[in-house]
Every structure is written in C-alpha cells, then in structure tokens.
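The structure under discussion appears below in the form of structure tokens.
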Amino acid sequence: MIHGLKGRLLSGAVMFATVGMASTAVAQTPEGKLVIAINQEPQDLGAQGIYKEVNATGLRNVLEGLIAIDPATGEMIPVLATAWERVDGSTLRMTIREGVTFHDGSPLDAAAVATSINWVWSPENAFTIQEYAGPGVITAEAIDAMTIEVTSSEPDPLLEFRMTLGGVSSAVQLAEAPERHFDTPIGTGPYVFDEWQRGQYWSADVNPDWWGLTADDAYGTTTPDFAELQLVFRTENAARVAMVQSGEAQMAMFPSSSECDRAADENAYDCVTGPSTTYLYGRLDHSLHADPILQDPRIREAVFLGLDIKGLVGLIGLASVPQGQLGTKEAIGFNEDLSPYPYDPERAMALLAEAKADGVDISSLNIEIVGRDSTPRISTIVQAMGAMLQGVGIGNEVRVQTPQEFNPRVRIGGYANEPNRQMMQIHVKQNPSGDYGLLLLSNFACPEIDDPTGPARSSVYCDADFDAALEAAMGLYGDERDAAMQALVKAIHDRHLTVPLALLDRGYLVESGIEFTFGTDHRIQAVYINKVD
Amino acid sequence: MAYVIKRICNSLLILFITISFVFIAGRLIGDPALNMLGSGASDLAINNLREAAGLNDPLFVQYVRYIGGILTGDFGVSYRYGYSVLPSENLSEIAQPVLDIVLERIPATFALAGAALSVAVPLGIFMGVTAAANPRSAADRIVTVLSLAGVSVVQFWLGLMLIVLFAVQLGWLPTGGYGGFSYVILPALTLAARPIGRIAQVTRSAVIQELSKPYIVTARAKGVPEFKVVYVHALKNASIPIVTMIGDELSALLTGAILVEKVFAWPGVGLLIIDSLSRSDLPLIQASIAVVAALVVTVNLLVDFSYRLLNPSIRLGHTGA
Amino acid sequence: MSSEPLIQIDRLNVEFPSKLGPVAAVKNVSFDIAPGEILCIVGESGSGKSVSSSAIMQLTKFSGGRVASGTIRFRSRNDGVIDLKNADEKTMRSIRGNEIGMIFQEPMSALNPNFTIGWQMAETLQIHRGQTRAQADARSLELLKLVRITEPEKRLTQYPFELSGGMLQRVVIAMALACEPDLLIADEPTTALDVTVQAEILGLIDTLRRETGAAVLFITHDMAVVAQMADRVVVMYQGEKVEEGPVRQILEAPQHAYTKVLLDAVPRLGEMRGKAAPEAMRVMGDDTDAKAESIHPSTKPILTVENLVKRFPIFGGFARKVVANVHAIEDISFTIHEKETLSLVGESGSGKSVTGRNILRLEQPTSGKVIFDGTDVLAQSPKDMRDLRRHMQMIFQDPYGSLNPQKRLLDQVAEPIHNFKLEKGSAIEDRVAGLFDRVRLPRDFMRRYPSELSGGQRQRVAIARALAVNPKFIVADEAVSALDVSVQAQVLNLMMELQADLGISYLFISHDMAVVERVSHRVAVMFMGRIVEIGTRQQIFENPQHNYTKTLLAAVPTLNPDIDIRDRTTLATKIPSPIHLAGYAPPKLVYQEVSEGHSVLINDLQ
Amino acid sequence: MSDATTPELDDIKDARDVNITKLDYARAILKDKVTLVAVLFLAALVIFTAGANFLAPHPPTGLNFLDSLLPPLSRGANGEFYLLGTDELGRDMFSRLIYGARVSVSVGVIGALVSGIVGVFTGLTAGYKGGLYEDIVMRLVDGMLSLPSLLVALFVLFVLGGGFVNLILVFSILHWMVFARLSRGLALEARSSTYVKAAKALGATDMRIIFYHILPNVIPPILVLLTLEIATLILSEASLSFLGFGVQPPDPSWGLMIADGREHIRSAWWLVAFPGIAIFLTALSLNLVANWLRAVTDPVQRWRWFAKG
C-alpha cells in the first residue's frame, strides 16, 4: 500500500521524545491557555503552509492534511483521508472521512478536498510547497461524493508522502473570499482560528465539534487539553526562554543548549529535545571556478580531517554527529556503511606535507569559510572551524554574510564571475522528503549555465559520469533506487565534496506538568501536548 | 505662510529623495527575487518572481511605476509577508498592501516613543535646570555623570539586562510583548535613558548660557525670586535648543527603537523593519523606510514651526537681517 | 532732604576667584549717598566701579564674587538701617527692585526677549506690591508716560526687539522706578547708546531724580557725562577709591594724579576752534608731544569715491527672491588727499563702517566707483585686488577681536609680509622687529599671544600689522572707540605721528565728535547712509549747516557742569527705516556748496 | 561670542581672562576627579589596544573546548587563569575584550576622523565662501540630517554587507554633516569676526584664511564633537553588529561579542555583561572628557574650572 519509505522507518524506529512517564493523561474538559513562544512570525496562514512547520508553526492545529505521519512511530496515519490506494504509478485514490465540517460550517466532501489540493499544488499559484513537487504536476478530481483521485502528470513514487504535506481548507472561503485564505485559515482541525495580531501572536480556540473527539482513529495522544492556543512570536532566543522562565508561556521553541542544560536544575520547567531532519554542512569549492589547489585530493582530505566534527557538535549542543553524509537515516539513499569523517590532525598535516613535497604551494591555501547571517550561532561555528583548520596549518579566513552578499556567491550565475576561489559554504538544510534524489541533484549535479531551469544552480561540482548515474537513479523505485542512491552517496563521500557538520536536534522548554510528543518534523500540535499530574 | 509652504515642500523633496535612494539602491545591488527565494531556488522560480513583480522591466520603468504608485498611496505588495507564494498575476490582488502592514505597526511605535518621552522630557529638564542653577555643585556633578551615563549605555544591552533582572529574576514585569501598562515599562525605560541624558545636558548648557545674560541680572535686580529667575526667565529663553533636542530624540525614538523593539518583541515599525530585512522583502523595506522617514521629517517640521511659537522675534518676522 | 545718608558703604572689599587665587576687585572703598543726591562713580575698565554697585544689591555672588569685608548700611523703609552685606536672600528680594532700582548698560539685552514689556514691568509690581496684572498694567502705563515714551499703550504689548535702544532704556528706567525706590543705581546707562539718545536719557534721569526724589548712584567711564550729572564724584582706579568730592572740585581742581590724567586725556569739543590742522592729544608724561607740529596734506588725491552705493538684499518668498533691500549707503562721494585725514562721523547705523569696508572691497559695493591712486578698485580681479590691498590697509575697532587669538604676535604682524612675499626667512622677523619698534612695543612681545596684552597694546600690534606693507592709505574704523580714554590718546598720537612720518592718508571712522575734531583735516557727517554735510574740520565744527550736524554737536556732553541738561528731555523720536522694497530708487541727492569744499545735502533728510 | 556681558564682568575681566597654559589644563584635570578617572581609563584603553599583542594574556582566537564557558576568576584545564572567564570556544574573555577594543575603538576613531575631515572641510569652506556653494552644501546637510540615520545605515549595510570597511564608509557618509553643520556655523561666526576681516584686508587668500586663520580657532568645539562622535560611533557599531550588519567575525568587536553571547545570557552572564560594560565605560569616558573639554574651552564658563579661592 505504501511505497517508497524504507522498511526500517516502517519498522517503527523510536523517533520521538517525550517527557516523563508514558502518557497517563486523563481526558478532561479543555481549559486554560497554552502559550507557545515561537521563533518567527508566519508569512501567512495559507493551507499550503502546513507542509513545513517553520512556515507557520502550529498551523496544523487549525488546518489538517489528508494523511499525517505519526510522530511516535513515523507511520503514515489517516487524518481527513480514511484510506488510500495506488491506482497506478501516477494516481492515488483516496477516501474522504465522513461527517467532518469546516470551521465555517461547510461540509468536507470530495469536491472541497479536490479544490484544496488543486489550489495548493497549482503551478500558477506557485506556492513554496512546489519545492516538494514531484516530477509532475499534481491535480485532484472528485470521483464521487467522498472519493477523490490525485494524479501526477509524471509517475511519482512519493505521491502518498506529498499528500501528507498540504492542508485542506474551506472551499467556500476560496470561492468567496480568497484573500482571507492567507490570514484567516478555515480548516477542520481541533482548534478554530481566532485572530492574528501582526508582530505579536496568532491564536485559536478549541473546536468543540472536532471530528477527532468522537472518531476511533483520531490522531494525537490526547484530545485537546487547552481551551485556547496562543502562538507568540519572539525572534530573540533569550526572549522566548525568558517567557517560560517568567511563566508567561508554557512552551518555548529552540532554547540554546546551555538553557536546556540549565533546565535540569529548575523545577518550573524542563527541556525536551529530539532529532530533526535539519543538518548543517559545509560545501567546499570543487570543479567549477575553484582554485586548482582544491582539485588535489590530499588537500581536500586534509581539510576534512582537520575538522573536529565531534567538537563542533558539542559546541552546538543540541546536535549529533552525522554519519558522513547529508540527510537522515530514514531517507532513501542513506548509506549505512559510511562513517563520520574522522578528526585526525596528524594525518591531515601529513597529507599536507606530502602535497607540499610534490610541489603544491601550501602557503597559497586560504580557505574562506562563509556562513549566512541568518543561520543561528553561525559566527561561533565558523570561528571554531577556522581555528580548527588553523590548528593543522591550513590558512583560512572566516566570514558571515547577509543573504544579499551570500546568495549570489552560492549560485553558478554569481560565482562564475568571481576569481577562482577556495570557499567553504556553510549551509543549514532541511530534507523531510525522505529521499536523497533532490539533495544530490541540487548539490552535486553539473549546473548547466545556459539552462536556467535546472535545479543544480548552486552546485560547485561537475562530473559527467556522476550526472549520468544520478539521472539513472532518479528513474528508479524502491530498493533499486535505494541502492543506486547509496552508491552515489558513497562516491560523494570519498571525493570530500561536502562535509556534514551536525544533525541538529531541536529542543523545547516546557512548563512542568505538560508533556509534549513530537517527531523529526517537529510539529507543534496541541493534541500531542498533554497536561499530566 | 510662504515660509510654511516652503518648508513643507523642502520636506517633501527630502522624502522623495530618500524614497528614490532606497528604491534605486535596493534594485542596483543584488537581485531582490533571488534574495527572497533563497539560494536554493530554481532560476525558473526566480524568473517567475522577477516577471510577476515587474523586476525584468528597465530600472527607469520600475522607478516611474513605483513613484506613480506612491502618489496614489500604493507602495506595492509584500513579496513575502501576507502570501508565501511566488507572485503571479492573480495574487497581486489578494495580497495585503505593504502600506497597510506598516501603518498597522505605527500605534505601537508611537505608544513606546510617547511613553519614553513622557518620562524623559520632565525628568531631563528638571535634571538640567537643577544642574544649571548651581554649576560645579555636587548636584551638577551628579546630573552630569548620570546624563552622560544615559547617553553612553548601549540600549539593547540595557534592555537585555533589565529583562534578566526585572522579568526573569524578580518576575515583576513581563519579558516583552505588547499589552497593558506593565508591558511598556521596561522598553520605555530602556529607551528613555538616552533622551533623559541628552535633554538634561542641553537644558543644562542652554540655561547656564541664559543665566549669564544681562536680562537675568535685570530680573534679579527687580527682586524676582531665584526659582522664578531660573524656571521662568531663563528656561523660556532656553526653550529653543531644548525643543530642538526633544524633536531630535523623538526622531531617534521613531527610528532608533529598532533594537529595543527587537529585544522586547515590541510589535512596532522597528521590529517590522528588522523582520523585512531578514526576509529580504524589498517592497516592505521600502515602505517602512518611507513611512519612518515621513514621520521623522514631520517631526522636524513641527520642531521648526514650534520655533515660531517659542520665539516672538521669529514669530513676528523680526529676524530678517 | 535729610542729612542722614541713605546708604553708607564702609571699607568694602569684594573678591573674585581666579586662576591665581582670589583677586580683589574692590579694595577698601567707602562712600555715602544722601537722599536725593546723584553720586557718580567714574573709572576706566577694571576700576571696580560696577562691582561696587552690584555688591550693594548682593548680585556679585551670581558671578562668583564674594564681599570679603566691609559694611553696606542701607536705610530701609521698613527695617530701619540694615547691613546689606549680611542680609538674607528674602530681605534682599524685598529691597531689590523695590527700595533700590537698577538701570543697565545695554537696554537691548537687559530685557528678557521672550516676554512683553508689559509682562516684565508687571512682574516687579506683582512681586513687591502684590498687584493684579490689571492693576500693574495701569501703573506701568503711568510709568511709561513718566519716562515720555510715545504710544505707551502699544508698548506694553510689544516685545523688546520691537523697540529702539533709546526707548528700551526708557522702559528699563520706568521699570526701575516702578516701586518708587529711594535709590536708583545706573550702571553705564548710556554707554551703548548713540550720542543724541544719550543726551535724552541723561536729561530724563536728571528730571526724574528731581520729580521722584530718588538718590542716584551713577556709574560711568565718561568724564563729560559726570560733569553733566553728578552732585558728587567718586573716582576709582584699579579697585580703589582715589578721590572723592563735589563735581566742581573734581573737574576744576583734581587732586589725584589719576584724576588729572583722566581729565586731560578727554578731548573737549570746541577746543580746536580756530585751528586749521589737527593736533596731538594731551597725554601726561608722554614724550610724543614732540610731534605736535601740524600735518599739512598735499593736494594730490589718493582716493576718490564716486556715487558709492551698498544695499543688502533681503530674500523672501518661495524662490528666495530679493523682496527688499537694506539701503546701507547711498550715493557716497568724497576725495581724500595724500597725507590727509578725512573723518566719517555719524551714529550707529549711519553707514560709516559700511563705507570703509566697501572702499577696501571687503564687501562688494552695489554700484559706484572707487579710484585709488589712479587704479579703479572695483574693476580689479580678486588676485589684483589682493595685490592692491598692500597699499590700502585697515585698523579695526575691536582690539580683542582683530587679532587672531591662536597666533603669536610675530606671525600676525608677519601675515601681510608673508601674503605679499615681501621678505623671506629671517628677514621677516627683522622686519617685524622694526615694526614693533615703530609702534613702541617691546620686541619680546613678538613671541606672545594676544591674550597676554592690554587693549592699547593690541591696537598697537594691529597698527604695526597694517604698517607692515607700507600702505599709502589706512581705513581706521572706530580704531580707538573700545579703548579707555587714557590709552585712546596714546594710540591717536601714534597714528598722527605715523602720518607725519610716513605720509599716510587716513579715512578715520568714528562716532566721537571730540576725537574727530582733534584729528581730522576734513570731516564728512553721515546719517541714514548719506553724507549730509562735508567740509574742512573748521567748516563743520564752527559753521555747521545741516540740522543733523547741529543736533549731533549739541548732544555731545561737555565737561561744563553748568549746562542744564533737562531741556534736552524730548520724546523718543523715530528714525525712518532704511529698508525699502526691491526696485525702490531713492531720489538723487543734491548738495549745495556753502563755501569752498563745504557741501550740504539739501533735498533729503531735512 | 557677541553675547552682551554686564559691566561688572568688564571690571573683573582681568581676573577671568588670564592666560591658561597647558599646565593649567593638567592641574584642572587633576582637580576634577571624575574626568581624571575617565582620562585614565581612556589612556589604559589606548595602551591595551596598541599593545594588545603583548598585554593580552591569551590569544583572542583559537579553540579550547576544555575551557569552554568558564566563569570569571577561574582556572582552566591547564591551569591558565581567566580573569573575566571564557567564551564557548574556550577563549579568554579579557583578551578578547582587549582585541575587541581594537575593532570597536578603531571603527569609532577612524569613522569619526574621516567624517570629521570631510565635514570640517566642507563646513568651513561653505560657511566662509557662502553663496550658491553654501546653499547646496547646507541643503544637503539639512536633508541628510533629517534622515533616520540608523535606519539608512541599516539599509545600506543590508545592501552592501557588513564589515569593517563598509561600516566606516557608512558612518562617514552619515556623520560628516554633523561636523559640516558645526564647522559652517563656526566659519560663519569667524567670517564676521574682525580677525578674519583683518586677515582679508592683509591680503590672505581664502584658503589661507580658512585653514591658517580660522581652523586653529575652531579646533576646540570640533575636538569636542569629535570626541562625542567617537562615542556615538562605538555605540552605533555595537547596535549594527548586534543586528548582524556590523563588523563580521572573527574580528571580535564588542557589539559582536554581546550579540554572540546573548544565547548564554542566563547561563554565562559574563559573555554579555563585560562587553556591554566595556562599551559603556568607554563611551562614558569619552563623553566625560568631551564635556570637560567643552567646559574648559568655553570662554564664558571656563573660569570656574581654573579659579582658586
């Protein structure tokens, strides 16, 4: 029934974090207010926004999708679709849940769902969800009152996964007041949108008519415990933390690791952490417009060996050491045989000496380690990396740049104009798609300068053989795809192209007496937040 | 009257130049579409945005269109705030105009600036006059050091320290946000430090200056009590530099509140500017700067006009030569 | 009149802090004032005359002064005799403005610019008499009538800057008299005023004294004013009282050497009657008397000024167009011959200084012609103009301001030598040394800075600097006005000596008729930007034709105490405005030649 | 300048107007304890800044995870003494403050000097020459002064990117007018003063009058402004760095240190507190010195600072 995702994910690897004992929540009438300090204000509250928690944190409390991924098990679980099956490689037939109404009173039926899907995935609308669009264009059609067919114009092995991404919102609103769609979400969720005070918060009230209160297969560890939900925007890290410390908020997103450590000594609140699909990596200039010295494999290896990744991870705090590759374990293409790049300064120095003996001008080595200023704690990270490379005798300078400066330097169109350089770009990326394909394409495929539509515009690597193998792998399904991708990942690893620096954990400060369950996608959903005694 | 019209035209010119500068600088350096969509976006997406936002037109055409829009109150729509889409034709209608987004934030900024000034003005003037009445006395020294401390402190740092002390450690006041009176106390105090200092300093020196003038001797020789000599005779004459400074500080509060708004998550224009900068939302940046510049220019204008009220010789047009 | 003194000052000492420790500004000064009496304190700057008076009012403390010892016994209306030195602030406030009124030097700055005349007058009455504003306004009106101000009702609602200096001084006097004080302290009340206005104010004070019976403590530096005002005189010098006595005794039989110097140095109007050429000033013990020989100018013109006009535009409106002009000088023509001194005399605003600056092109004249030694000055390029300045120099009024405070005197005097590249290297210093000798300054002054010099010494430096380029012609713009009389005489003598020795021509600009009479060959009287009368010194002083010239001469105070000045008490007059709308063309001036070289303006300003 | 004085002051002018030598200034500072402390602080700052390589106990960069986030007055794993504690990379805070002074102070000093030189030149020439040139300059000055300068700085740095050079560029562009306005006023005043008229009558060229005659006389107020501007720029640098548009790492500017340290504001207060105090003390000292300088060079007020008895 479900293609694509790897067996080990389905086998139920424990991917959740929870506080205290297993759920002993008692069903109770919702009361009180749950205030959550979140790290940024949403750009909008449109239905497409639920695909990524960072777009609109907490929006899934109001808008629901067709399918969800259980944070505890990682399994796909029904939400507004009670069942789904493959018709063929490009079509999925889904049964819509009966008896659900939108917050505006309009009924949820196949037509409404089809309208929503077509709206969300429309290329004309060009919502940012397109970054997870498959090879084809997705459309939906009502077959009967409670059944739809979702079709991709090209065969798409991940169509089910894509159906976990978009939200379903009132078709009446889309017809009558489309402009309200972006600031007044009308969904089917356990909370009804209340108001959005720009610059301050958005809030929702508990939905007494939520279908989940009566359905047997409702998602969540509990029914809503809180009468009100308020998501307060606090971009300053310390400000969010302070809100929990002073009792103004029950939860705060992403405390620093030191704040998390401190929480252990506090009675009033705890810190919960868990892995995410976000990783930090460095990409070292290679074939394209790079200083020729970086073509020397010894130099590249020395650079990688000179980085104390464990140390960096410790510095970052809430993070773990990546297994020598980008992406998370559950993704298709993850190569279990790879190991993290070791920290071996002696070997690094030996490699450099060897290269020097062969006439390579080591003194011309001056690697520019550049981060984007929007990356949290980037200044500390690049400084630490600079110090590490300095330690093995690799000259470097570190920089933190604004997107205005940084972005053009990352893309072939911009950096082709730079003199040959020795740049290590530091990026933070998230890859919830569960597949290495897009990642490999955008990071390592040969950018075609004349073809501006290509996805590889920010690659620094060019190898015809690799491109051919990648193209082949992209057409495969299942284990074949997995094996082909794994081979490519290994090739990348051996050529020292990108250095995975950290798999980032995410943490939350949570008031004592509240239990929060979340998965790698870090959704903040009130039905996974319980009051405990 | 001619003077008033002239000054207003002058201000409009300044505003026009500012808006033009921000527009052109924003266009000339960097690709707004790329910055908005991020380095991972496909060129197609970027080009779509460029097309939809009219960024592919010649700069001059864009400029004329932009200025034309402003004249009708249309500052364009936000690239990102209000709709996270790659703009296409049908969506420019449903997106929120940036001007609305900015104007929505004005009351919060005014409230904060007003609160800070209502502390700073009376306190600053009182400190300044007290010091001036007794130059080189202990009171003068204390006022001098305090007022200089006020202008020497880094505002956002002070804000952070106040949060740690009063909100986190003592729990007396909220850490930030927008709400009732208790929310405004810490940010207003943080913001007031500098204007208190500067108003005290300028009051002190202006009053000292006035106290050395012959008409003060006349007043004393008339038997006017010293309190009245200082607070009525000298202060009235010292009012122009003091009002100028208050105006300067009000301008600074309207723009300089950026940091304090960020630290206290105060949803004013400053916070909006920081957000829009970090999102590279050029239309929003342009509109915010235009609105703030308009406020500042208006404040300057009002200060200018207040001279006419404060100084009879200007009011009666006696300072021609 | 009671014989009991109103106020008795006994061995008063006042100190001020300074870098070198306390400096005594007033040393052991004693004097009394009887009720209804006018006592004049006369002295030059630094004599302590003003400090004595402010000590009476306990005002010295506000500028850091301290009454170190002595007593100030004042017969108060309510409290009997009290010592004002020890009186508390409350008592002082009840005396200030109530029992003792005070009049100041500069009426323009003595009133608060931000309050109306009515408000400021009422303030006194409200404080001391507890009157309501309406009552106070009624009383103010009476007072303004008393001091003979035109349109008194209107004045109450006006601000100080709307009134002329003479009117303001009347307001200040009215304010001082508001509570009918027993003592009026007048601290140089006419020094800042023009001579015609001065005469009016002096007359007014004398009249009011008689009408109200108040005693007056009158402080001045001007012996002629003393002669007109005083019953008794105290002469002060460097903080000490050097002589005291009835006015006649002081004027006619001065005892102390300093009093004699002071009296001697004052030029007396009319004493040059019958003499054709200028004469040196009398300076006691000065050896330059040798140059008393008369200087006779040649007949060769060195400077010819024809129809010189200067207007200052007033911009207004939208496009900053010229909406009006200040007609500063109008149609000025005259000639100066070699070795001749032509004086431009007139009151403030008459345009005499503007004329001087325009001739040297320190300002650009609006129209007219200036021919210097055959060269058309106004046609010169800026560079040629600079070269021409070698021959035309200027000495300024303010000896404190005209020297650059940051430069050594050597560099200042060497400035023109450097600018015109007259000498190089050490020759510059030699030449400067020679100039210091010439103006009788010690050579070691060359290394000093202006702040280390006295006013007279500074003016000598300014003269040396002007001489550095061997000019043929010097404009002396109020060159001695800021100096004390004793110093003034020395500097004037130096200037005349240089004229005799070097053949320099002077354009001597001054408001002081007596000085002008002493030093000039010819005189031009200016009023409202026009020359109203021009002629030889004898023609002007002995046979004045124009009304204004006559008024000016009559207003000059003399050392004769017998002249009754009360009949000069006139209503303050209004001078026509020199501001005209753009495009206004004044009538062509017509002069009538009374006798050879003596012309009078006949068609304007009669 | 032209403020009327009372005749009384005429009497005591000699007491007030005595020549004040450098020695007197030194004595006046010694007498004024607060200013003395400020001067000593600034002197120490300059010495530490100049001699950072010798005086800093530890290098400002590098990595020492063992000694990460040690509180003040603690000893490291190898027995090193950390006076003000360490940051998360285990670097000595005290040493970083010293090196940070280099960046912060030089941004302030260079920025103020560049804008000062530009502003004084344009201001003096405009004030002295007058006419259309002055009109244009002053229109520009007034216009730019009425701009929200922090905002414009923020925008320009957003466009150009941060960094030492850009920061100084932006500061110069946005601060020269302050000097220009002051200098123009001073030149205007000087132009009407007699010594300038005298210099002109003596044949000095305009440039000589402006720079040889006027400039030395207007140095005190300009020096005061320069001192104040250095303090202002140090504060601005901190603000811009805090927002991420200022100095870029690894230059350890004080503002950046606060920005980096605020993650740990509760757990490692010293990371935020010390750089903030350093900025505060530096700005306060500069302000105190400027204040003193203004007082002792003010012809009306200065006597109070030199008078005895």
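Observations on the model:
For clarity, chains are labelled A, B, C and D in written order, and residue numbers in each chain start from 1.
Just so we're on the same page, contacts are C-beta pairs under 8 Å (C-beta built on N, C-alpha and C of every residue); 3 or more make two chains touch, one makes a residue touch a chain.
Predicted model only: the values in this text are computed from it and were never measured.
Two chain pairs, A-B and A-D, are compared here, and A-B has more C-beta pairs in contact (counted per touch definition above). The geometric centre of chain A is 39 Å away from that of chain B, both derived from CA atoms. Spacing of chain A relative to chain D, judged by their CA centroids, is 47 angstrom. Taking the mean of the C-alpha atoms as each chain's centre, chain A and chain C sit 87 Å apart.
Put simply, the C-alpha centre of chain C and that of chain D have 45 angstrom between them.
Contact of a single residue of chain D with at least two other chains is seen at positions 3-4, 6, 8, 158-160, 262, 265-266, 304. Residue positions 29-30, 160, 164, 168, 213-214, 217, 262, 274 of chain B are each in touch with at least two other chains. Counting partner chains per residue, chain C has residues 54, 59, 104-106, 109 touching two or more of them. The set of touching chain pairs reads A-B, A-D, B-C, B-D, C-D, using the touch definition from the header. Contact residues of chain A toward chain D in the complex are 236-238, 241, 245, 256, 258-259, 261-262, 311, 314-315, 373, 377, 379-380, 382-384, 386-388, 390-391, 397-402, 404-405. Taken in their complex, chain B has these residues touching chain C: 2, 5-6, 211, 213-226, 233, 236-237, 239, 310-313, 316, 318, 320-321. Of all residues in chain C, only 15-23, 25, 45-51, 54, 59-60, 63-65, 104-106, 108-109, 187-188, 191, 219, 357, 360, 362, 386-387, 389-390, 392-394, 396-398, 401-407, 415-416, 419-420, 449, 451-452, 462, 465-466, 468-469 touch chain D in the complex they form.
Listing the residues of chain D that touch chain C in their complex gives 3-4, 6-20, 24, 193-195, 197-205, 208, 213, 216-217, 303-304, 306-309.
By the touch criterion stated above, chain C contacts chain B in their complex at residues 54, 57, 59, 62, 89, 92-98, 101-102, 104-106, 109-115, 123-124, 127-128, 159, 161-162, 172, 175-176, 312, 314, 316-318, 326, 579.
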